[in-house]
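Next come two complexes built around chain A: one with chain B, the other with chain C.
Up next, the complex of A and B:
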C-alpha cells in the first residue's frame, strides 16, 4: 500500500517548472524592426566586400560630432549586357560629417563627383521616430529619397514609408510569444505601377535565429543563424524567386575574436568570399576583402586601413 | 434654329470654362509642388553637410575652428 503512493516532492517540482514556463502574454518583448528581421544573417553573410584600396579616417571633434575622410582607389564594375564584367579604374574622395545625439542623428557623405548620401534619424517623441534617407546626384532623375515614420508600441512596431516616385509602404510586426514575432507589409510604387504585399516571421532563442519572408513580388527568403559559441556563429540563407525561377543559397561563418573579426561565405552561384577586420592598435583597423566568382571568372581582392573609431 | 445652336454653344462654353478652371488649379498646384520639390532637392544637396557642421560646431563642448580644418 505504501509503495503505490508516488513521492509528493517529484510532482511538486514538475508543477514549479510548469509555472516558470507559463508565458505572460501581456508582457511580451518589443520585436525587432521589420526591415532588420534578417539582421543576423545579413551581418554574417553580406559583409561590405570591396576591390582595391580603401582608407578611412574618422576624426572626432567632440562626443557627438565627427568628420570623416575616405579615399578609394580601385576598379569599379560597370553594368554590361554581355556576360563579361567590365571594370573601370576609378578613385574618389568622400567627405563626411556625422552628428550623434540620443534624440537626433545626422549622417552626410559627399563624393568628389557630387553625389550626396544623407541620413537623418529623429526621435519626435518616446515612441515615434522619423527616419529619412536620400541619395542625391547632379544628374536629373537619378536621385532617390525615402522617409519613414516608425511607431514603437509595447509589443509591436508599425512603420509608414514615403518615397520619391510616389512610393508608399507600410509594415507591422507583432510579438506573438517571447520567441516568435510575425509581421506583414504592403507597398505601392506609383511610378512603376507595382504594388505588393509580404509576410515575415522570426523565431529566436538564445542560441539561434530563424527567419522567413514571403512577398508577392515572388521572393521567398529563409535564413538560419546558429550561435555555436560566444565567438563563433554559423549562418545560412536561401532565396528563391518564384517568378523568375532564381535560386540562391549561401552558407557562412562569423568568427568574432578579440583582435579580429573574420567572416567567410560560399554561395550556390559559385562565389566564395571572405572579409577580415583586424585591430592592429586602438583605433587602427586593417581590412582585407576577397571575393572569387568561379562562374564569371571574376576575382576581387581589396585591402584597406581604418583610422579612428 | 440658329439661336438654339448659339444658346447650346454658349452653354457648352460655360461648362467648359468651369472644368478648365478646375483643371488649371490642379495643374498650378502640381507645377508649384514640382518646383518646390526641385528647389528642396537643390537646397538639400548643397546645404545638408554645412547644416550638420553648423549643428556639430554648436554642440557642447564647443570644438575649435582649427580642429575642423586640421588633419590631426
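Up next, the complex of A and C:
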C-alpha cells in the first residue's frame, strides 16, 4: 500500500516508518510499579486539598541532611455517623528530618499530637529495593507498619509486601508491548480474614495514558490522561464499587506553567476543587486550595506558604 | 290587614334594599363564582407558583454554575494571561537587548 500511494507529507512518512519498525519483544522497557499505575491521573485529580492555613519550611543542613518544620491551623473534619460534617478547629506542628542519599533515604515526621511517621527506602542491590513505612500513634490499634521488597527486572517489576495484622501481598507487572503493560496482584489480610486478587492494565504513549484496574473487592477503576501539550494535561477517571454500588466520575485539568501549577477538577458528586501552586520566588511557593461540595454544603478554602525547595 | 300592610310596608324598604344589593351581589356573585374567573384565578396562582419555583431553581443553578466557574475557570484565565504577559515581556527584552533573557522578570 505504501508503495502504490506515496505519502503526501513528511509526517505521514515518518509515521509509516514507525509502524513498519519491528518491535523487539526481548527488549521492552521496564513498566512502572503496580501500585503507581494511576500515577498521572492521581497527580491531576487528587491534589492535596486542605482547609485552613499551613506553613512549611524546609532547611537543608548539608547536601544529604535536611530538617523540615510545618505548621497547620484550621478546622479538621471529625468522622461521624450523621451526614453533616462536624469540624473542630485544630492546630499542630510537625517536625521532620530527612536523609537523602542515592542508595538510602530516611524520612521521619513527628507531630505535636503524638503521631510518628517513619519511612525508609533502601537499595539493597541494583535491582532489589526495600521500602518500609511505619506509623505510631498514641491511640491503641492505630499504629501500623509495612515493608515492601521491590524487584526490578529488565521488563517487569515484582513486589512483595508485608504488614502488621498478618498482611501479605504480592504483585507483578510485565511489559507486553512497548506501550502496554499488564499486571496482577494477590493479597491476604490475616487479621480481617480477607483475601483478594486484582488485575490491571496500562497503556501509555507519548500523548496519552489509559489504565484499568479490577479487584475482587469489587473495585473497578479506569482512568485516562491526555497530554494536550507539554504544559497541559487533561485527566478523567471512573470508579465503581460493586459492593457498595457507588459510582464516581471525575474530570480534571493540570496546567504546568512557568510560574505556577494549577489543577482543577469536577466530579459527579457535585464537588469542585482547584489547587494553585504559585512560585513567588526561588524556593518560595504560595498555595491556594479551594473545594466546594454543593450537595453537602461543605466549602473548604485554604492557603499556605512553602519555603525551601 | 293593617299589620299585614305595616309588615308589608315595613318589609318593603327592606325587600327593595335587599333587591338592590341582590342585583349587585348577584352580579358579583355570578362573576366571582363563574367557572372562568375561578379557573383564571387558579391559573394565575399556578403560574405564580411555577414562576417562583422556576426563578428559585434558576437562581440556584446560576449560583452553582457561577461558583463552579469561579473556582475552575477564573484562576486559569488569570494565570494564562500572566504567562502570556511574561512571554511578551521576555520577547521584548530579547529584541531590545539582543541577548537571550537570563531570568524572567517579575
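Everything below uses one rule, namely that the second predicted complex is superposed on the first by the 290 of 309 C-alpha atoms of A that agree within 3 Å, B and C clash if a C-alpha of one lies under 4 Å from a C-alpha of the other, contacts with A are read in each partner's own complex, and residues count from 1 in each chain.
The rule is simple: contacts are C-beta pairs under 8 Å (C-beta built on N, C-alpha and C of every residue); 3 or more make two chains touch, one makes a residue touch a chain.
The structure presented is a predicted model; accordingly, all values stated were derived computationally and were not measured.
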In the overlay, answer first, second, both or neither for which of chain B and chain C A:294 touches. second
Looking at A:272, would you say it contacts chain B, chain C, both, or neither? Reply first, second, both or neither. second
Applying the touch criterion given at the start, work out whether A:255 contacts chain B, chain C, both or neither, answering first, second, both or neither. second
Report for A:264: first if it touches chain B alone, second if chain C alone, otherwise both or neither. second
With both complexes superposed on chain A, which partner does A:108 reach: first (chain B), second (chain C), both or neither? first
Can you tell me whether chain B or chain C touches more residues on chain A? B
Does chain B (first) or chain C (second) touch A:99, or do both, or does neither? first
Common interface residues of chain A - those touching chain B in one complex and chain C in the other: none
In their complex, what parts of chain B are in touch with chain A? 41, 44-45, 48-49, 51-53, 55-57, 59-63, 67-68, 71
For the complex, which residues does chain A have touching chain C? 253, 255, 257-260, 262, 264, 266, 270, 272-274, 276, 288, 290, 292, 294
Which of the residues in chain C come into contact with chain A in the complex? 64, 67-68, 71-72, 75-76, 79-80, 82-83, 86, 104
Within the complex, which stretch of chain A touches chain B? 59, 61-62, 64-65, 67, 95-99, 101, 106-108, 110, 116, 118, 134, 136, 138, 143, 145
